[in-house]
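Down below are the structures I want you to see.
Presented sequentially are two complexes of subunit A, the first with subunit B as partner and the second with subunit C.
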Partner chain A sequence: MMRHALKFISSLRLTVALLSLSLVLVFAGTIAQVEYGLWDTQVRFFRSLFVYWKPAGGEFAIPVLPGGYLLGWALLVNLLAAHYVRFKFAWSKLGIFLTHFGLIFLLLGQFFTEQMQVESSMRLEEGQSKNYSEAGRSTELVFIDHSNSEFDEVVAIPQSQLASGRELAPPKLPFQVKIEEFHLNSRLRQRAPMMSTNPPAATQGIGVQAELIPAARATAMDAINVPSAIISFKGDGAPTGTWLVSLNLDQPQTITVGGKSWDTALRFTRHYTPYSIGLLDFRHDKYMGTEKAKNFSSQVRLTNPTTGEDRETLIKMNQPLRYAGTTYFQASFEPGRDDITILQVVRNPAWLTPYISVIVIGLGLIVQFSMHLFKFVNRRKSS
Partner chain B sequence: MKKHLSWILIVALFGLYAASTLRPRKDKGEFHVQSFGGLPVVLNGRVQPLDSVAINALLMIRGNTGLPLEGNGANGSWGELLELQKQGAVPMRERAWYQFSKHPKKFKPIEWLLEAATDPALADQRFIFSIDHPDLKSELRIDGKGLDRSGLTYFNYSQLRGQREKIVADARVAGDKKAEERSTYEKAAFRLANSMVIYERIKNSFQPEHSHNFAQELAEYTKVTTTGRQAMTNQQAGKEYDKAAFDQLMEKARSYSFIGEMAYPLIIPPQDAKHDRENWKNLGASLIDTARSDVLHPAAKSYAAMMTAYGQGKAADFNGAVAEYRRWLADNHFEAELSKGARELFFNNYAPFKTSIAIYIVAFLLAAFSLFLPRPALFRGAAGLILLGLVVHTSGLIFRMVLEGRPPVTNLYSSAVFIGWGTVVLGLVIEKFWKNGLGSLVASFVGVITLIIAHNLSLDGDTMEMLQAVLDTNIWLATHVVVITLGYSAMFLAGLLGAVYLLLGVFTPKLNERVSGSGSELVTVGKAITKIVYGIICFATIFSFVGTVLGGIWADQSWGRFWGWDPKENGALLIVLWCAVILHARWGGLVREKGLMVLAVFGNVITAFSWFGVNMLGVGLHSYGFMEAAFKWLMAFNASQLLIMLLAAVPQQYWRSGNGPGGAPPTADRTQSKTLKAPKPRPA
Partner chain C sequence: MNPINSSRARLLVTTIGLVMVAVGCSDESVRVYQVPKEQAHAQQPPAATERPNAPTAHVHWDSLPANWKDRPVTGKMRAAEIGITGSGGQEAELVAIPLPELAGKELEFVNMWREQINLTPTTTAAIAELREPLTIAGNPGQLFDMVSDKPLTEGQPKQRILVAMATIEATTWFFKLTGADELVAQEKSNLKGFLAKVELHTAAHDDPHAGLASAPPTQSAPPAAPAPGLPKWTVPAGWTAATPGPMLLASFDLAGGGGKVTVSSLGGDGGGLLMNVNRWRGQIGLSPLTGDQLSGVTKEIDVASGKATLVDLSNNDRRMLILVVPHQGQSGFYKFLGDASAVGKEMDAFLQFAKSAQY
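Our next item is the complex of A and B:
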């Protein structure tokens, strides 16, 4: 029984079946992007154990395809089992060994990247300097205490904990927060009291003048969700009524609890660093006589008080800045503004794995196929 | 020697033909239009000769560059198209292929450009606008009034002018939609409006459209700028002013700012090449500068002289003005631009890929013929021609690389040229092994098809366009793009050989013939194809895999992520996965000969999807290569491949290659097969 099972999971038949399923998955996951957008497709097809399909009007989602994680792990197990059961090392198989080893390394590297990579972005105006970057998709509900003159104390509640009806009691806050309503995507509208029959979004703060309109979740590649929430507070001296917080509100609102002020806002999740980056000069060169971009580049100053570093460097397309395990890429700009740069900020401890695996696998394939070729040519010559 | 004579003759003949395309073009006519066509201007962000401006404009407007002036009238008459149209002998037809005795006069693109600039009323009568959508034709009420060329119809500007507003309105509706959401009618209207605008812009790039003696006009203009400006200052200050001078300047300013907005190429170089080489201007903008500075740019003066002389038919004056302007450019440190213009003009005249298509077609015919009449002269002739075609093809690739200062593949057009090149090289290598015409057959076939695809892609405009900022890196273009494109080449070659195997197997006894295989024994053609397909798939695996990972590394360098499941990345991954499926299925004994061939043919579908299909989805970071018209063709190609794959389902007894392939026990059976022809081994 055990031997049969091992034989099955190490078999080439299984390899071919899994590879074919991967092919179908990748194809389906490409076509699906037209409808669902890149981000949703990635989550549904590639970062999942199964791809589900829900018939129109149906209750249950049916798994129709194995997802990327399942196939990736299955291939890995199949490969390791094959080496355990079938392969005995021989110099003539060096190429295959190298290739398979490189593949394992690449797959594991990508898995760790998926788990550990943190992407964010940094928008800088010329002359501005920041010691944090902002996540492009996830948000956080923050309460900021400005009372210390040295630094601000920030209490952040990640978006994942925000859900309608939930009550939160972060240990550093002297009050509890109740999420009355939470909408992943929404629009805000200025409320015209004479015209509108809709209720105001909240009873306190800026929300009194606004209407909150829930929206469908955004799927297009460059579209982002605008989360909003209605919150209220509990505890000694907590303010009464409901408050509106939203990604679309520029300014934080101040609440006073027991004589102490807190600024609150729903904003993109921030990642703080012990160093800061300031923009000196942003350049957006165009080809002569056209509006077509030739190059984007940002001259930045990196200052790190902990190491005493203070230097200038140029970030441009295809030439990122790598510093302290974080990489800064020239990502974008704001149309019509020649003094604003947008940097993509990536922390990925596994970033080197593809570089190593491409060398190992490339070498393996070349060794293996060259052996075939030499055999072929030699036999021809001897004839 | 004698037995080689026939094929050497054929190859030599085509060699001479290819060499003749290299000769420098001299101006034979009165007007030195070649010299004019080599003048450097700026368009699409790059310095190019006027000749390229004319060629690319005609390609976009008409879809081809040969503009005939003569043809057939409706009543079977032959003559000048302008005359025939006057007589009402519409619809007219261009020369049909069997009318060998007719040699219609044709315009070179640069002559067409000169006519549009200097005699717009006449140019408006030329049949340049390609309109083929039936609804659009009937909407514009021009059905049956055009010039026909094997099913394509062309119309002239004067037929369309009255309905310009309607066309532009339709195009605006189309323009508000995404390209993939437009109906075919909207696409046609959009394209026509675009063509009309390009034509109108060309008419106003070298002088205002209604100018009769532009040289004189400019001479008067320089006299009036000072007094006119003075009058303007006085008028604004409420003082008495010279009304005549004021009106003259205002009228000119209006006219020149109009052509400043219309103009297509930037023809006026910067004032001082040493200080600034980039700030080229169009004629109108330069003349508006003159109103402020009183200085007429020497280039504006020269172009005015050229246009006036050409319009008045004064060849000596035209030639003199061209020569003088060239001297001015050389004296003012524009040697680099002059030389760029000259080189690109030479390349335009050389037109290597056109020559290669012609040579590959003849080679393909010889190779196909040799399948049924296996004569060494045919094999060698085909291989010799392909080698010749390849030399021309390669020279074209290298020439383009030098002109652009780039690796060979920078856009979809050049990828088609390069895929063809790679496949032809691989096919020739196979031919060298087998010497039976099959390598030549596939090499020439892919050569022709890819170059034709490239030609059709070139209709979108400038094929040497400047690159998007993210692509502006020669290292990655030279590694990732070249490697992955060679992977495509190999996939297509393997797929085509698979198709050849299935077709030959079902319809001919060819697979049982023998070729010199590996080792001392002779193997059947079927076995040989199987071996080589396997080898090519190994090759494709290396290139596709390494190319894909290099692409990921490039993405990591520029966007900060190695892999993003972007459609183009997925397309490349599909090829890698498919190669892995094929190799493992083969190693595991899940497929044998026939199965391997079917899998290889399906590789064509996957590679075509990766190359073209993903661009049609219009999503993702890579979708800058978006294109629309090719979708139908892609589907037709896929259908043809699936049909070929179905051949494998034909039961073995109906295969004309008998029980040879498909995993039947080896040679013992085969030697008894009736269809087996076993030629004597050739002495090694």
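Our next item is the complex of A and C:
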């Protein structure tokens, strides 16, 4: 039984079938971007085990295609199993082994990149310095304790845990948080006292003045969702009523429990670093006589109290700053503001894997073809 | 082919399975971390005297009924806010709002409130029957009592609105009591008693009265121009973004100061075209129109979201253009007010701006 199973998972037919399904998946994923947008399609088609389809009016989603994760893992298992079944080391096959090792490394590297890479952005005004970057497509519900004079303690609940009706008991907080409503995309409108027919978004805090209007999920490349939630608290001394938190609110709200206060807000997920980056000068050069961008560059100051570093550096297009495992790319700017830079911040511990893989695959191919070439030349000489 | 050792095969399959499970189970969890204090952190609400744009209008009273509770004012336009709790836990809210003189606009306001509780508009002739005289701070005022025909939300009681209003000097004061029908009806006599004794002030004064109700809000209002929530539009050259006032999404000043463009959004049709047109006419000193005269000042134009209505009003050297753009169950109001010459010159740019908005 096991023998048959292993024969199947190591077969070349399975390899061909998996590669064919990969082609279908890429095609379907490309078409689906029209409806779902790039980011949603990536999650539905490629960062999933299966691609699901829900018939109109149906309650259950049906898996219709294997997703990217399933195909990737299946290809890897197929390759490993084939080696396991057929492995017999011989110097004459060194090139093939190297090439396959490179492929395995590439597949694993891509998977670890997918799992471990953190992309975020840093918006800096000239004169401003930050020790964190913000993820542009994920948010967190935070509770910040300012009571310590040295530091602020942040309890951050990721967006993936925010769902309508869910009750959470975050660590370090003496109260529970209930998510009464969660809307992935929404709009807020100031509630006009004599005009509004809609109820206020919440009974406490800023939500009393606002109306919460749920919106459809944003699918365009340059559009973002604006999540909002209505939350309430449970526990001894917890405040009563409901509170509105939203990415659209520019100030945190303060809640007090048992004489101690926390600021709460729904904000872009922050990634803190032990060093800070400050913007000294932003340059946005254009081709003469046009509005076409020629060059962007940010003169920044890097300050790291833990190492004593304090230096200036220039970040330009195609010339990022690599520091402490993080890369800062010159990404964008704000129209009409020549004093604001937007840096893309990428932390990817597996960033070297594609380079190593390609070198190993290339080396394997050179070895293999060279051996064939030498064999051929020797055969001709001897004949 | 090598013979396959089944125990080794099991080991291989198990190892691959464990790796997949271990790596696949990387669900996000709650993080707790310490960060240096932000220098720009400013959470403490400013004191009342420091609050920019704080309304100086306020209300004094000696005492409140037992179930009435003074609350911090939460709206920029409000001068006082009181929460009322009924014996059955029902809640109602009384707010005081001073506005520049609005005498003569009772019908528009009453119809606006009636719409809030899904009542049909009333007429000038019928409004007299709805009016009850009362005294507000020693001045003659009027009270309107409205109750919804059915609950606005399933399972909830019907809603009642009591609005008392009086014009004192150049200010019209509104006291609006909203809440569950039964509770608001019960509190009507308390409201009359309360209003007879209140003191109304439109400006700050030295008397440190104990019952000052204009407490500073604990939080700032939602940003009037939140970048992520605003429609995308192309602002014409020469327009300068200004700080939008309450209820406005955005505001722009024309180069040279000849006019101002503002954008707001309201649910549904924003109270109806006729009511709005007459309100705008009043703002530039024109008399109200009747429904069949409306077509003379309006015309339909095509925009991305469908048909929009352009209202063009002029009086002497003042001109006002308003483009009403329906979108997603709401109405966007693009308003351009200024000198007739400046408005005429920038009219095309204004229309292009309004048409460029993508919701």
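We adopt the following convention: the second predicted complex is superposed on the first by the 341 of 383 C-alpha atoms of A that agree within 3 Å, B and C clash if a C-alpha of one lies under 4 Å from a C-alpha of the other, contacts with A are read in each partner's own complex, and residues count from 1 in each chain.
Quick note on the criterion: contacts are C-beta pairs under 8 Å (C-beta built on N, C-alpha and C of every residue); 3 or more make two chains touch, one makes a residue touch a chain.
Remember, predicted model here, so these are calculated numbers, not experimental data.
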Clash or fit, subunit B versus subunit C on superposed subunit A: fit
Once the shared chain is lined up, is A:S48 touching subunit B (first), subunit C (second), both, or neither of them? neither
Taking the superposition as given, does A:V358 touch the first partner, subunit B, the second, subunit C, both, or neither? first
Look at A:V26 in the shared chain and tell me whether it touches subunit B only, subunit C only, both, or neither; answer first, second, both or neither. first
For A:V34, is the partner it touches subunit B (first), subunit C (second), both, or none of the two (neither)? first
Can A:Q176 be said to touch subunit B (first), subunit C (second), both, or neither? neither
What is the contact status of A:T303 with respect to subunit B (first) and subunit C (second): first, second, both, or neither? neither
Does subunit B (first) or subunit C (second) touch A:A293, or do both, or does neither? first
Applying the document's definition of touch, where does A:H146 land relative to subunit B and subunit C: first, second, both, or neither? second
Mind working out whether A:T313 is in touch with subunit B, subunit C, both or neither, as first, second, both or neither? neither
So if I take every C-alpha atom in subunit B and every one in subunit C after superposing, what is the smallest distance between them in Å? 7
Subunit C-contacting residues of subunit A that also contact subunit B: none
Show me the residue ranges of subunit A that touch subunit C in the complex, using the header's touch definition. 2-3, 5-7, 69, 73, 77, 80-81, 84-88, 111-112, 115, 131-132, 140, 146, 148, 150-158, 160-161, 168, 170-172, 187-199, 205-206, 208-211, 224, 226, 246-254, 263, 272
Inside the complex, what are the residues of subunit C that reach subunit A? 1-2, 4, 6, 8-10, 12, 16, 20, 23-24, 26-38, 41, 43, 74-75, 77-78, 95, 97, 109, 112-113, 115-117, 152-153, 174, 176, 218-224, 226, 228-229, 246-247, 265-268, 270-271
The answer for subunit A against subunit B in the complex is residues 11-13, 15-16, 19-20, 22-23, 26-27, 29-31, 33-34, 37-38, 41-42, 45-46, 106, 110, 113, 117, 119, 221, 286-290, 292-296, 317-320, 327, 329, 331, 344-346, 348, 351, 354-355, 357-358, 361-362, 365-366, 368-369, 372-373, 376, 379-380, 382-383
Considering only the defined contacts, which subunit B positions touch subunit A in the complex? 42-46, 266, 278-280, 433, 466, 468-470, 472-473, 476, 516, 518-520, 531, 535, 538-539, 541-542, 545-546, 549-550, 552-554, 556-567, 570-571, 573-574, 577-578, 580-581, 584-585, 587-588, 590, 606, 609, 614, 617-620, 684
